[in-house]
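Inspection log for the structure reproduced underneath, given as structure tokens.
Letters A, B, C and D mark the chains in the order given here, with residues in each chain numbered from 1 onward.
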Amino acid sequence: MTRIGILGATGYTALELIELLLRHPGAEITALTTRQEGEPHVASVHPRLAGRLDLKLENLDTADLAARADCVFSCLPHAASAEAIVPLLEAGVRCVDFSADYRLNSPEIYAKWYDHQHPDAERLGHVVYGLPELFREQIREAALVANPGCYPTSAILALAPLLKTGLIRREGIIVDSKSGVSGGGRTPKLNFHYPECNENFSAYGVGKHRHMPEIDQYLSQAADGPVEVIFTPHLVPMDRGILSTAYSVPTGNATEADLKAALREFYAGEPFVRVVDNPPGTKDVTRTNNCHIAVRVVRGRVITLSAIDNLIKGASGAAVQNFNLMFGHPETTGLL
Amino acid sequence: MTRIGILGATGYTALELIELLLRHPGAEITALTTRQEGEPHVASVHPRLAGRLDLKLENLDTADLAARADCVFSCLPHAASAEAIVPLLEAGVRCVDFSADYRLNSPEIYAKWYDHQHPDAERLGHVVYGLPELFREQIREAALVANPGCYPTSAILALAPLLKTGLIRREGIIVDSKSGVSGGGRTPKLNFHYPECNENFSAYGVGKHRHMPEIDQYLSQAADGPVEVIFTPHLVPMDRGILSTAYSVPTGNATEADLKAALREFYAGEPFVRVVDNPPGTKDVTRTNNCHIAVRVVRGRVITLSAIDNLIKGASGAAVQNFNLMFGHPETTGLL
Amino acid sequence: MTRIGILGATGYTALELIELLLRHPGAEITALTTRQEGEPHVASVHPRLAGRLDLKLENLDTADLAARADCVFSCLPHAASAEAIVPLLEAGVRCVDFSADYRLNSPEIYAKWYDHQHPDAERLGHVVYGLPELFREQIREAALVANPGCYPTSAILALAPLLKTGLIRREGIIVDSKSGVSGGGRTPKLNFHYPECNENFSAYGVGKHRHMPEIDQYLSQAADGPVEVIFTPHLVPMDRGILSTAYSVPTGNATEADLKAALREFYAGEPFVRVVDNPPGTKDVTRTNNCHIAVRVVRGRVITLSAIDNLIKGASGAAVQNFNLMFGHPETTGLL
Amino acid sequence: MTRIGILGATGYTALELIELLLRHPGAEITALTTRQEGEPHVASVHPRLAGRLDLKLENLDTADLAARADCVFSCLPHAASAEAIVPLLEAGVRCVDFSADYRLNSPEIYAKWYDHQHPDAERLGHVVYGLPELFREQIREAALVANPGCYPTSAILALAPLLKTGLIRREGIIVDSKSGVSGGGRTPKLNFHYPECNENFSAYGVGKHRHMPEIDQYLSQAADGPVEVIFTPHLVPMDRGILSTAYSVPTGNATEADLKAALREFYAGEPFVRVVDNPPGTKDVTRTNNCHIAVRVVRGRVITLSAIDNLIKGASGAAVQNFNLMFGHPETTGLL
């Protein structure tokens, strides 16, 4: 039984993680933290957990956490997350970081997109990115895993195989993504206020979203050459789910069938990625750790459509999958 | 052309009011106020108004407002509203108050439910309630109109005629109401955060909602005797609309047909209230100033179902209807 | 490993049941039926199941089914369900019936509300109602369990304990219920067409809904005397969830605390029912087999608020709970 | 007063048209048709119209219609629409066609995309496309106007000015569009069933949507050379609204400011198109005849974002705008 601590347990990804772990026979949640006052019971923060988990949210220091947990999941915001993780690693606690702190390899790129110097810059470039479909073996051994961003997961799973196999060009990739509102977190803000985003659809952060360099980095690795995507996120009036519609240019005369076959071969044996025939809806994968991918060729352009649940495959499910790999549980435990 | 000022123009009722008045041939919006800094253009606060209204939101004092407006609509919160209205009335400006400040007759009941002493207590009991279906003639002459609450409008329109005609008893009335989220205003709060109220349905303020004494007061007037309703509001995951399902006890052997006929007679000639055969949906009346009412008798209990748009007949449409009566415009101007 | 067959596997309750059973270590789905042509793969009917269940939907006769399944869940419509179940029972297959066919004790009441003679009338009155909180022991032994209706589950769980303990009167009970749209099934109809029910809220079947006699029957049993509820269902623009707001008259001077204590005592040890302090939202229980109940006393009337997921505790989760009892699995298996 | 007939008055565009025309001082609705049996009252088909329009839906022949209406709006499906319009034109009735029948110039392209031979092929190429921003003068004189498709309106308004001014290239244009569900019409189908499309987001008709050749044709006219767009429509869980995110390649070194200035110049004086600074949300324009357009340059690619209400600027509002031009009413009558 692996003992689990969760940092910043008031938000949506933490709730999702708790619900997944409650079903996991090899994990026991032993510590939840918050910076809020008063040590609230977890069920007063998350009414869904009434009668299901009897823990308070506490303001714990590193020593307390290290004494109580073998694995810590950090749901803290960027910067705060790295600051909490560094001493935990030093205390021998293995960590999964939900924040963006350890996803980028370059401190300069991090500083440019996140507007501050990285508090643990020397570690950048030495942390595995928690996408098991690409980095399974490194994850098994890792003390620290950088859990991928939700949009990058949807984009990279669709495009990396086509870049690796050379079926599409590195240039001119457009990722037009659409996400449910839970992706914006649980802090009340006008743009996530119900009557503002209900019955509304809009783009945001056009050309400025922090997931853009993250997609670039891992697609560049896959392509073995620089990739710079045009990334446009949109907000969909629904709780959860991401669909990424990506446009790319084929290198040769590959047909739709060739592209589908390449994706199928790449994902053969993967427990959570399915290459499907019809354009997937986000509802096909909500509340699962699955990613559904379809591909079309239209007027000489390759269109991939990939759907995930932003809170599961895009966050907490991926984290459990990484945890399973790190601690020797079967990879799908708690996720089927 | 009546010149219009709107106090507290950043919220949903103000936006709705502006859109209604832009279609009104006899009204011109000349002043908008806010307590926010920086005198923002109205289109930066309400992007829907881009190119449709070229005004800034200003921090105006009474003299400025009185010089610019013949009629002021106050969308300020309670207490702040009365404080702004008193000097305007003294300056000869006629006012429609969207807040609850002038709806209750008793300063004691006001203080109990609104948790503070009324800043203009002596005026209570002398202000007309802006429900034209009950108080049309007094509205015409009023310097100040207390615009009704959204839930009370739906409940009173359904029940007052049955109490006035003695067809239902004063005792044991239950009003089970359901409202869209815009009724909660535009200030971000956790309970109106999109992922909290989307795909969710809950009651709130059970037995404690401030509209309960307001419903009591006007149903008591209609019944000519004390009425104390059980009022339970609920939050529906939609932008706008209220449905009130009210349960009451018939006094005699009135059939469904009798009750419907009594309602039809009461509302004969009313431009905005229709007694319909089938249970109304809120969508039958959204974006209109209409109220649809149906009645059923089930196992000896009378069930009325009344639907309005909370932002129109429950707020800004009613305000325009009152304005029309006050300033001699045809009552339906701008509302059809 | 219990082998499972599911009749009528194209709808929402069947999908939910399949997803629950895929996580159940003691159950194996071995047969799915449909009356549709062509033996479609389950993933072409339910894209969520791609790669998760490799079965076709078949048009199987009783002998085939009896050879393949130890337990059959019938998701067929009423009448068709009883007709399919009778021969299965004769062949020794234990059954859980999602339809209303075996919920009512009286063939006359059944005929009145369901508009046809019951095809297996003599069995009525001898089938256990699958609400473990009331009938756990009988369920264990049953060959056939009548899985409760969704609205009745929410109403009976809130009211039966208060009737059993004599804290509320049998007369004058009002159940004002609100349900997500999945309760209406998967067959396209105008009233469930997206633009008709989105941003809409309405009552339907006022005084005529078939769940009314079902609620009557089990509350009458609990009260040991006739109960006739006023039942008003409403449609909420959301996928799933039921909230029932029930109004009843206390028999004595029981306070809110007394009523809550009585509910807590009644449900002590129950794995899926929690008596909570704050009014529950449906989202507190969606995707769980839980029921959350709160109680208030307002102006001398008892108000209970009970929330369930209509597809889980109101259908497929209850069915798995019943299955666990029938086949000797721990009651919560697959449901936590 | 222009007398109006509406063919196929049971759907959403017809309802929207009726509501707009009820506010139009120069139009009187005198005839509504349906192929349904029984001559239902319009309020039984559209409960919103109770007390607002007292007309039946009738099965009228050409002579009846021609006697009653000066202008006919056809909301019939393609093919049926042309068949109804031809004799009306011969009878001297001016028509606005909501269907796609007269939008394409080539009978061959029509036959390819609509799967049947055009019933009035010789008229193709001689009918004005009802987009006043491009074809205002021809619309004034037209006996027949082809009302534009909803997606094409959003795409053409954003891209035509940039093609006309030569700021973007003809090649490589991608239009990634997202629409509310009302665009799918009012006939119940599984993919528009509430629980199927609520909380869901998906692409559909990828590379096969019939609006693709319509966009091609009018962008080709604007570019004075062949344009073939990649068009991907998506379904958003909301009632109404379209956002089109279009990607194109600049011809030179035009900056974001240059592109915005070009759009502003093109639309100077247009009553319904605004070039805005921030990415528009569909809610900024719902229930209006407005189109909001923003432009960005990201990594050397031009991104335009254009929002309309699919039922108003994308259908019925455009039709009223065309009607105003055709019959000499001020262009904005009934639309502000």
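By our rule, contacts are C-beta pairs under 8 Å (C-beta built on N, C-alpha and C of every residue); 3 or more make two chains touch, one makes a residue touch a chain.
No experiment lies behind these values; they were computed from the predicted model shown.
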{"item": "Set of chains whose contacts include both chain D and chain A", "value": "B, C"}
{"item": "Taking each chain's C-alpha mean as its centre, the one farthest from chain C", "value": "D"}
{"item": "Centre-to-centre distance between chain C and chain A (centres being mean Cα positions), rounded to whole Å", "value": "36"}
{"item": "Centre-to-centre distance between chain D and chain C (centres being mean Cα positions), rounded to whole Å", "value": "45"}
{"item": "Length of the line joining the C-alpha centres of chain B and chain C, rounded to whole Å", "value": "39"}
{"item": "Residues of chain A touching at least two other chains", "value": "180, 196, 198-199, 237-240, 280-281, 283"}
{"item": "Touching residues (chain side chain B, partner chain C) in the complex", "value": "174, 176, 178, 180, 196, 198-204, 206-207, 228, 230, 232, 234, 236-241, 243, 245, 247, 279-283, 286, 296-299, 301, 303, 305, 307"}
{"item": "Touching residues on chain D, where the partner in the complex is chain B", "value": "22-23, 47-48, 50-52, 199, 274, 276, 278, 280-281, 283-285, 287-288, 290, 292, 336"}
{"item": "Residues of chain B touching chain A in the complex", "value": "12, 180-182, 184, 186, 188-190, 192-199, 237-240"}
